[in-house]
Structures are given as structure tokens and as C-alpha cells.
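The data blocks that follow each hold one structure.
One chain, subunit A, appears in both complexes that follow, with subunit B as partner in the first and subunit C in the second.
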Partner chain A sequence: MRCFLNWPEGRKERGTDMKQLFTFVKKEFKHVMRDRKTLLLLFGLPIVQIVLFGFALTNEIKDARLIIVDYAKDDATQQITEKFRTNSSFNIEESILGAVEIEEAFKRGTVKIALIFPHNFEQELIHEGSAQVQLIADATDPNTATTLVNHANSIIRDYQQALSTNKPAKSILIDTRNIYNPELRGTTNFVPGVMALVLLLICVLMTSVSIVKEKENGTMEILLVSPFNPFMVILAKAVPYFLLSIVNFSVILFLSIFLLDMPLNGSILLLFAASLLLILTALSLGLLISNSTASQQAAMLISLMGMLLPTMMFTGFLFPLENMPTPLQVIANVVPSKWYYIIVKDVMIKGLGFSAVWKEMLILFGMTSFLLIISIKKFKTRLT
Partner chain B sequence: MNTLIFLLQKEFKQIFRNPTLLRMILAIPIIQLSILPLAADFEIKNINVAIIDHDHSTYSRDLVNKITASGYFVLVDYGDDVKEAYEYLESDEADVILEIPIDFERNLVRENAEQVFLAVNAINGTKANVGGGYLANVIADFNQEIRLEWASRNEPTKAPAIEATAINWFNPLLNYQFFMVPGILVVLVTMVGAYMCSLNIVKEKEVGTIEQINVTPIKKYHFILGKLIPFWIIGIFVFSVGLFVVARLIYGIVPVGSLGLLYGYLSLYLIAVLGIGLLVSTYSQTQQQAMSLAFFLMMIFLLMSGLFTSIESMPAWARTVAQFNPVTYFIEVVRMVIMKGSDFTHVAKHFVIMAAFALVFNTWAIINYRKTT
Partner chain C sequence: MSEDVVIWTNKLTKRFGDFVATNEITFDVNRGEIFGFLGANGAGKTTAMRMLCGLSVPSSGEGMVAGFDVYKQAERIKKNIGYMSQKFSLYEDLTVAENIRFFGGIYGIARKEIKARSTKLLKQLGLEEQKDQLVGALPLGWKQKLAFSVAIFHDPQIVFLDEPTGGVDPVTRRQFWDQIYAASDDGITVFVTTHYMDEAEYCNRISMMVDGYIKALDTPTNLKKAYKAASMDEVFFELARGAKRKGD
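Here is the complex of A and B:
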């Protein structure tokens, strides 16, 4: 029954096949090029995003608003306050608040942390040899809270160390070197992530939607009853998006190197090869989605709503994957961008070669083949 | 009024006629909300450390024992081969390398000071900071023990001490899920509203049914309202399921603040978000255009909303961009009301801003929707 539409009468020559494909690709290209708005978005979107996120995203905590409640107002508290003022992590909100106002400020969300000096701070410090300060952190965001408390603690500890005159004996000094990213810039971490995200999602979205569109408009039926090989119809749909994605990737790469100062320590060819592989994976995934859905809305629901957040979180550039519970780590393994992200980091930043990333590339290749086989199996040459 | 009711009837029929789609609209957010917050955890556990020990003394072994006993570290390599350790770092099997030099113990005792080397894989800045910081703390503790050991033999040194006590308000157990669940819920509700709504009018354009509506005496705002209300209801429904079923049963999150305030803000927020959806669809001719535009906006809204990374740490221009992002405000309000129990006076500013968003986007959409081509 399935072969009903597969023209049985004799084999065509290879040359004609290629010509057919070429004609189809030309048709698809015209379709894509004619839709200026989509085209603009297709190119504008990655550019805007890579620049925006490359510059804006950071895990570093800077300028957290701090209120200092100083009941003592003596030299010691002034000196500590000055230390906080010069630290880039904090941004002091001048105030003379009491305990009630602190709670108000937290509930309003205007401060992240409060530092409270009790009465007679300096006196107790000097005469009794110890004094207390209190830190109150807004722990709605536990990560920020912990980091801020640690920062505050170390500022206080520094001050305390400066007080003690005698040099501490038997010191173990620590010389820390930050490998691969000496300035601890957020870009190094986020740019490869955004690259993976943008390439994957745009590709999946565009392919899945453009094929379903033909189904929805009814033009797919016409194509299927025509004497063209149905697989060629699909292949031709993928070609323009494949080429556009390559252009997109080149633009993204160019921007991240020349605008965002990303290093490119490894081979650019290897990076391109890996990116082609990711694009192919994305195309096959888009193909599968389009074969499993009947309307553009459904295709979009899966490729956007279903994929956006999981891809973001399981790629590994926002949250460390190795902290996740084991079942989630297993889920992360099926997210193609996770592997691509590892490759990009290895090649661009660490400057490693093929021998370091062949495993990840093999996995991407395996995913692509698997997705392609399933979507070909699911592909119906007949409409119901 | 009658016109509106008929329009609503039509919209609801269209939505319910496609049960697969409806099921997807409800299932995708719920499944994601049940799983994704578990993945969002900054807490750094199990830092892989490779130790190069050139000394092999009692002190160096004590230090290694102390590091492995601290519970934060997994020792992946111990030896005196530098190259091997760096290979571990290269392949991501080690996050930190600690190098203990030759004569570590001797120099520490005789010269009163000795240096150890720490090499941190800093591609991920946070992890590098935290991992390196933990290790530095353990070493400092070890250092303190040695000093005490020697101090008990000699004269004890006394320095004034400042004791800092830290209290974590609103989330004493530092549960990261309490922070993530409300935020992810907001994003999911936004996606349902903005995506579905933006496709809706465009679909009528693509199929051609919009012409039929255009020739009827239906008013522009009737048409827009008819498109808005169904998704407003779906949005509220998804939010409620997320809040009362997923957040409460799976994560045990019970809002501290008033539910009325939360729902009041949600209603306003949905109007604004749906307005954006409508605006997108009035500017697009095909569903594909609407989709790419909605995707573009959604990704910016998401990453610039303070959901994953804090807005305050961004550069000034980025903070300005974030101020025009409605998602930012709703995430803030949801977190404030659910976790801190903030009341209306605390979020009054947020209400005003969101009302302005709602007004601007919807008016814009109504103006931009032309009945003639």
C-alpha cells in the first residue's frame, strides 16, 4: 500500500535525479528568500542574541545593595564601612535604619544583605578582644546570599588581620592560577552556550515549521502525487536552512572572536566540522518533529515551548551538569547542545584537537543518524 | 457585548476542537515544572581535585587527608606527575589541581612560610571561584591546626577577633528550588500565553478567514478581546495547576504572602503578555514569521529576566534593557510574594509598571490591526 505513490515505472537516470533535486532546492530557496521578515529574523536573531548575552550575562555578583546599620559609629565601624564601599561586590545604601525598616527593605526587594554593628563595637573589640557583627542575607536566592555572606566575611577577616600586628607564623600561602580564563570573565562560559542554543533551536524551529506548513496548506499533497521522489522533496527543504545555518554560524563565530574577545585556540576547521554536525542533528530533529505533527502550531509548541527551557538548562552553561541528580544527568545526555557545548569549549578555549573531542562528535553523529532513520520510517508518502 | 460572546464561543470551540494541541499546552508546562527546577542548582558539590605531591611528608599527607575528609572534594589523581594532573584538567575530569612543592613541611617549619599552587579550571567563573574558595578554606583550616600545634609549644599569640554571625532570611535552609520554581512557572505561563496568542491572528490571516471577519461589523477591540480572553483563562489555569499541584505537592512551596495579590498581578501580567503576542501577530503575515519573532523576544525575555543570572550584576545598559522586560517584574513579584510575603505596598511600583505595559501593548495591537489590506 505504501508504494502506491512511488512511481514504479522504471528507474530514472542519476543525472535527472540530481537535476530534480537542484530544481527543488532552487524553489525552496526562493521561498525562503521571498519571506524577507523571516529572513531578517533568521539573521538578526543570532547576532542580537550573541552580542546581548555575550556582554550582559554574568555569574559574577557585582553591586549587590547592602545596608549598613551602624549603632556604634566609631572609628572601627567607619573603617570597615569604607572597606565595603571600595569593594565592587557591594553597593552601599546609606541609611540609618532600625530592625523594622530592614525587614521592609528586604520585602520591597531593595537590598540583598544587611550588616549590623552593635553599640560599643570598637570598645569591645579593643578592650575585650572580641566584638560581634551581624549579617542578614536575603536568602530567596540562596546562591547570591551565600556568595555575599562569604564576601562580607572575608572583608571583615581582612580588617581583622590588619589589626593584629604580629605576622602570623607558619603560613601556607596559596598561589591560585585560573587556567583558561584568567580574568574570570562570564563570556568564556556563556558564549559557547548561547552559540549552541541559537544554532540548535533556530534550525529545529525553521525546518519543522516549513515542512508542516506544506502539509497545512495542502501543497504537500500536490508534491506527493507529482512524480518526484518524496524524500527529495524533504531533502530540498532542508538544504536552504542548512546553508543559512552555516552562514549564521560564521557570523556568530566572527562576532564572538572579534567583538566578544573569545579565544580561538584550536582548529577552526574542527570547529566548523562540529558545527556542521550540530546543524545536521538539528535538521533531523526538525524533520522528525514535522513528521510527527499535523499543524504549525503543534510543531512550534514542541520545538519552542518543549525545547527552549530544557535545552537552556541541560546544555550546561547555566548550571553545572554534574550537580544534577543522576536521572537528570541521563536526560541531559540526549540534549545535542550539551555535546556541542563541550566541543566548543575544548576547541575554542582549551585548544584541544580531534583526539579530545571525537567521542562527542561521534555521539552527535549517532544522534543524527538515529533521528534520520526514525523520521524516514515515520515519513508517510500518503496523506490520511 | 453580544458580539464578544459569539466571538468567544468561536474561539473556545476552535481551541477545544483540537484536543492534541490543548493537551500539549497543558502537559508541556506541567512536566517541565516538575523536572527542570531539580536541574537548577548552583550548589557546588563533589569538586574533582587532582593533587600533585612532590613532598610526601607527614604534613602533605595530612593536608591531602583533610581535603578528602572535608566532603566537598573527590580525589581523582594523587601523585607527583605534573603532566598527568594537567591532562585530568584538560579532559574536565579534574576541576582543581593542587601542587604541593618539595620541602613543603621543612620550609613551613624552618622558614615559617611556604607556598602551594592551585590551578583552577576557570571556564565557568562561578565554579572556579567556589571550588578554589573551598579548597583555600580547607588549607586555611589546616594552617590553623598547624599553628595551634606550634602555638601550644610556644607563646600563644592573641589578636582581637571579630565574630560575624550570618542569618539567612526567608529561606533559612538555602533551598534553591524555592527560588527556581516560581521563576520557571512564570516563564512557562508566559510562553503559553505569548506563543499561542501570537500564532492565533496570523493563522486566520494565513488560512484566509480573517477576510471574513473583516467584512463583518465586528469592532477592532471586540476582535482583539475575543482573541485575548481565552488565552487569559488558559494562562490562569496553567499558573494555578503549577502553583497548587506542582509547586505545593512536589516542592512543598506554600506562598507566604496573599494569594489575592498574586492573582491580581497575574491577571494584569497576562494582559500585558497577551498584548505582546497580539502585537507580534499583527506585524506578521505568516505563522513562521510570528514564530521567529516570538522566539526572538522570548529568548531575550528569558535570559534578561533575572531568572538564572542576577540583573544587578549586569552592565548598566543591560539593566536598562531588563527594565523593559515584563517578565522581570513578574518574576520579582512572584518571588517576593511567595517567599517573603511582601504585601501590596511593597509591589505597588510593579503594579503601575505592568499596567502601563498592558495598556501600551494592547492599544498598539488594536491600532496596528487593520481591517483593510
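Here is the complex of A and C:
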């Protein structure tokens, strides 16, 4: 029994598994590195996209939540409030809030714009001929902010003109503040979106294609017949793309901060943690796709149709989710990048910490676990 | 199970729902034998082979491969067998040496040992100069030889060949069988499925599967005698004529 000389019973060398895994990962890296075209695409894509998405899109806004903080509570402020109420662009919430509460509301994202009337608004308007109001807009999404501010402006101007027709001219001074993104840069809006898009694309597409490739070439059979643990195959496949995604993410981050002047107000560690989480979500999705398809084309098609389109549409960086019909808004909830997009914006632009984004991170974590469990189950049944 | 029996089955059965893919197959294969496993498409050859390779758990019956139980010791079996499928299955974007190193590596062979063995192997195959060439650039015949060599690189007790010569020209096929004989001379048991009846004649013993059953099992000479046939082709037609299942 000469073979038992090579494989003594009951004696398994320590670290053999790790060595085998290492051998496998090395092989995967060779596959990736030798496929120059794909590699070029992987690293060229984010750069091209960052440039492309630089052209911001205009949006139409409906039912944006507006807080009116009325310290004056006089006829003039009531009339202006009424004008806002009849306008379909705004969804009014009247309240007496302090500066701190307003900021809280903005951070929660429940409010897009606030209109603040100071004490003695009408008196100043009548006696001094001019009064001041303050408009505060959440400019993380600069398109929305600009549109909302312009709209609010025109409503107030309308009132001012109506007031001035047959009396001495009155003027209302509007003090506009765009918080979070005072320069209204579109960058802040699309960079987090591109990040989500690129990470998803690489991980889902590349992982699923590389596993299906083994099936197509017949090498998967050889691997399954070998003593190499099939789950290690999956793990080994994921490692190169995991590392590649981290490199890619760093490149995008570097470009967006130093080339596009994107702010990074929050913790970079938290940002990385969230990104790693999204990468894991994507890898498990790629795994699921590869388990359900038999050819590279099918895997590619499903990855593109199933990932690229929903990511573009439902993340919120191209089309504001608030404007979508309710069914679409519900669908958007199952798109991982939607949650990632919120996290990135909160961390990079608003500078919020873990306590603000833990819910979104938990959702991503839940998605990842769910996808992993399904794909592992599917993988097992395939083997018997 | 005697010392020289490397594959032994007793009423080994695999069902998929109502469909019985292999029905109570019972046979044994001796050490160093070249055992031909024949049958039309859909006869249950692949299912049987998958059970023996530890890829698929049998529904009922018993089976031992390389001294290990097919139910409980699939992992042990995997270490002691080699496998080559009809699809040419090496990595085309890796070099000859890299393929050998990789497959040696996943069988847990030490790096030094891999080095020594691959030097010897490349010399045997006459591929020393091509060792740093991508496998994709090699002619099909060479790929095939290399694939077989890789399948027995870890020195298995048994090598399973699933229609290994599909789509290969007669000369290459002949050379491939020379390799099989050499492996058999080294004491490796060869379990081979094939569609080519001339190849069936090269086997020491063959079994014929029809509709999930083993309908005949003997040496080619005895089978021809029993069915009063001049060639294995005729034996095959005689047996397969009654098949109900159509090919897949």
C-alpha cells in the first residue's frame, strides 16, 4: 500500500490547510494579474466614472420636508407660511425649535430645508421697510438644495412684491445657508455613489465570473474531487477580489479628496469599515450568482442587470429617492448601495460617527449574512 | 474485501426522487487493473463514478474505495484517487510548471517533493523546454498528456478517467493509452469510461451499464465469446438495444 506512505492515517500535518489555501490564493492572483484587459478595466473604470459623473444632473423636487420656525407669529409670517403650504414642492412642518433641534433634524435627514422668521418680523417690515428671514438647506445633495432654495426664494419674493404694489417698497432680506456643503459641489453627491458602484461591480461581477469559469472549464470538478475543502475554494476566490477592492476603494478615496476636494469630516476608519462591509455584501452576492449559473455569460449578465442597474437607479446619487413613487422607494431598500451611500455621505460630509450610522451598517450586515447563508446552502446541495 | 481489491461495491444505488440513476450495482476492481466502464449516455456511468469519487452520497448499498467507506470517509477517498474528466481541465492561463505546482499543492505535497517530481515528470513528457509556457499555447495532445500526468501526480491508488479521449485524434489516443498502461504497470488502478469500443478492447475487464444496471462484466475476450460477437461494437449494440432511456 505505497500510497499510505504518502498519507499516513490519522496524521495530518499542521498548517497543511493554510498552505493549500495559500497555494490557491497565489493561483487566483496569477489569473487576475494575467488578465490585463480586465485589470485595466477595473482600475480605469472608477477614474472614468468620477470624471463622467462630474456633470451634475438637475432634479425636480416634490414634497420636500420644510421646517418653519416662526419666532414672530404675526400676520406677515402667517401669510408667507400659507404660501408655502399651498405649494406642492414643500411639505410643511411648523414648530418652535431651537437651533440645536434644527440641527438634529437635519442630521437625521428628516428635513431638507428650514425657514426661520426672527422675532418682530412684521414690525420691522412695516416700520423699517425691511426684515430678515433665514433659509437653511441641507446641501449634501447640492442639486436638491439649490432647487429648494431657489423655489423658497421665489415664494418669498412673490409675497414681497404683492406687499409692495401700492405701498412704499418693502424688502425682505433672505439669508441663505447651505449647511454641510456650502459650495454646493456635486462631487459630494456622486463620489459616494461611484464608490458604491465600483465596489459592487468588481466584487459581484469578478467573483461570480471567476467561480463560474472554473465550472465551465471543468477545473471545478477536479477541485471537488481533490481533498481541498470546497469552502476553501470560495474563500480563496474571494481573497484577491477583496484585496483588489480595497486598493480600488483607496484610489477612489484619494482621487476624490485630493483631486475633487471632497471633504472627509468623519472617521476614515469608520468609512473603511463600512466599505469592507459593502465589499463583503458584494462578495456574497457574487457567490450566490455563481452558484446559480452555469456559464460566464449568464453570470455576467445577471451581475450587470441585477447589480449595475439597480445600483445606478436606487442608490440615490443619480435620481433622488424622495421623488420616486412609493413602490420604487420600497424596492430601493433592498439595494445594498442605498445604505452604503447614506453611510458615506453621513461620515464624509456630515462628519457623523458610528452612533449615527449603526442602523445602516446593521442592515448591510444583515444582508451579507442572509446572502452568505443562502449561497452556502446552495453550494452544499450542489455537492450531493 | 481482500488486499488486492481497491474498489468494491454491493448493491450501490443512487436515486433522484423516483428516478433510479444507478440500480444496485455490484462489482469489484483489482489493484493495477484497467477497468472499463461502458454504457450509453444516460446509463448511469457518471452517477456511479461520482459516488465512487466521494462527490455524491449513495442512496443505498455499500461501497469501499481504496479501503475507505464511500459514506463516511469521502475525504480519505479523495486523497487516494486521481480524476480526469472529458473536459480538458488544466488552467490555460497558467504555465505548465505552475499547473503542476498548483495541483501538487492542493493535494498537500511538500514543496521540495513537488519540485523533484515535476522535474522528473517534465523530463518524461519531454516538456522541459515548455515548462514556462502557458498551457493554453500547447497542442491538444500534449495538454491531454499533461492533464493525465497531473491527475496521477500525487501518486493515487486509483485514477478515474471520465471519457478522457473525447475529441482527440487516433494517434493521440493511442499515445494516451500508452500512458494509461504505464500507470497501470506502476500499480495504479485505472477506472475509465469511454464511448470508443476499440478502447474497450484495451481494458483488462469491462462492465456494461444499461438503464442503471450492470448488464455484463467480464474480460473483452469472454464477452465477445458470450455474445458470439466479432468485436466489442457488436457486444455493445446487443446489450444497449434493450435500453429504454434515451441519451441525454
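Quick note on the criterion: the second predicted complex is superposed on the first by the 243 of 384 C-alpha atoms of A that agree within 3 Å, B and C clash if a C-alpha of one lies under 4 Å from a C-alpha of the other, contacts with A are read in each partner's own complex, and residues count from 1 in each chain.
By definition in this document, a contact is a pair of C-beta atoms (placed from the backbone, for glycine too) under 8 Å apart; a residue touches a chain by one contact, two chains touch by 3 or more.
Every value quoted in this text rests on a predicted model; they were computed, and no experiment measured them.
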Which partner does A:D35 reach: the first (subunit B), the second (subunit C), both, or neither? both
Between subunit B (first) and subunit C (second), which does A:T23 come into contact with in this model arrangement: first, second, both, or neither? second
Where does A:T326 make contact in the superposed view: on subunit B (first), on subunit C (second), on both, or on neither? neither
Looking at A:A137 after the superposition, I want to know if it touches subunit B, subunit C, both of them or none. Which is it: first, second, both, neither? first
Partner chain in contact with A:L223 - subunit B first, subunit C second, else both or neither: second
For the three-chain arrangement built by superposition, which of subunit B and subunit C touches the greater number of subunit A residues? B
Just checking: does A:I172 make contact with subunit B only, subunit C only, both, or neither of them? Give me first, second, both or neither. first
Enumerate the residues of subunit A that count as touching subunit B in its complex and touching subunit C in the other. 35, 217
Quick check on the complex: what are the subunit B residues that touch subunit A? 18, 20-21, 24-25, 28-29, 32, 35-36, 38-46, 89-92, 108-109, 112-129, 132-133, 136, 139-140, 142-143, 146-147, 150-151, 157-172, 174-176, 178-179, 184, 187-188, 191-192, 195-196, 199, 203, 206, 284-289, 291-296, 298-300, 302-304, 308-310, 312-315, 318, 321, 332, 335-336, 339-343, 346
Partner subunit C, residues of subunit A touching it in the complex: 1-3, 6-7, 13, 16, 19-20, 23-24, 27, 30-31, 34-35, 217-219, 221-228, 383-384
The residues of subunit A that touch subunit B in their complex are 35, 37-38, 41-42, 44-45, 48-49, 52-53, 55-65, 104, 106-109, 112, 125-126, 129-146, 149-150, 152-153, 156-157, 159-161, 163-164, 166, 168-182, 184-186, 188-189, 197, 201-202, 205-206, 209-210, 213, 217, 295-298, 300-302, 304-306, 308-310, 312-314, 317-320, 322-325, 328, 331-332, 342, 345, 349-350, 352, 356
Report the residues of subunit C in contact with subunit A in the complex, numbered from low to high. 53-57, 66-67, 75, 78-81, 83-94, 98, 101-103, 105-109, 151, 154-157, 160, 187
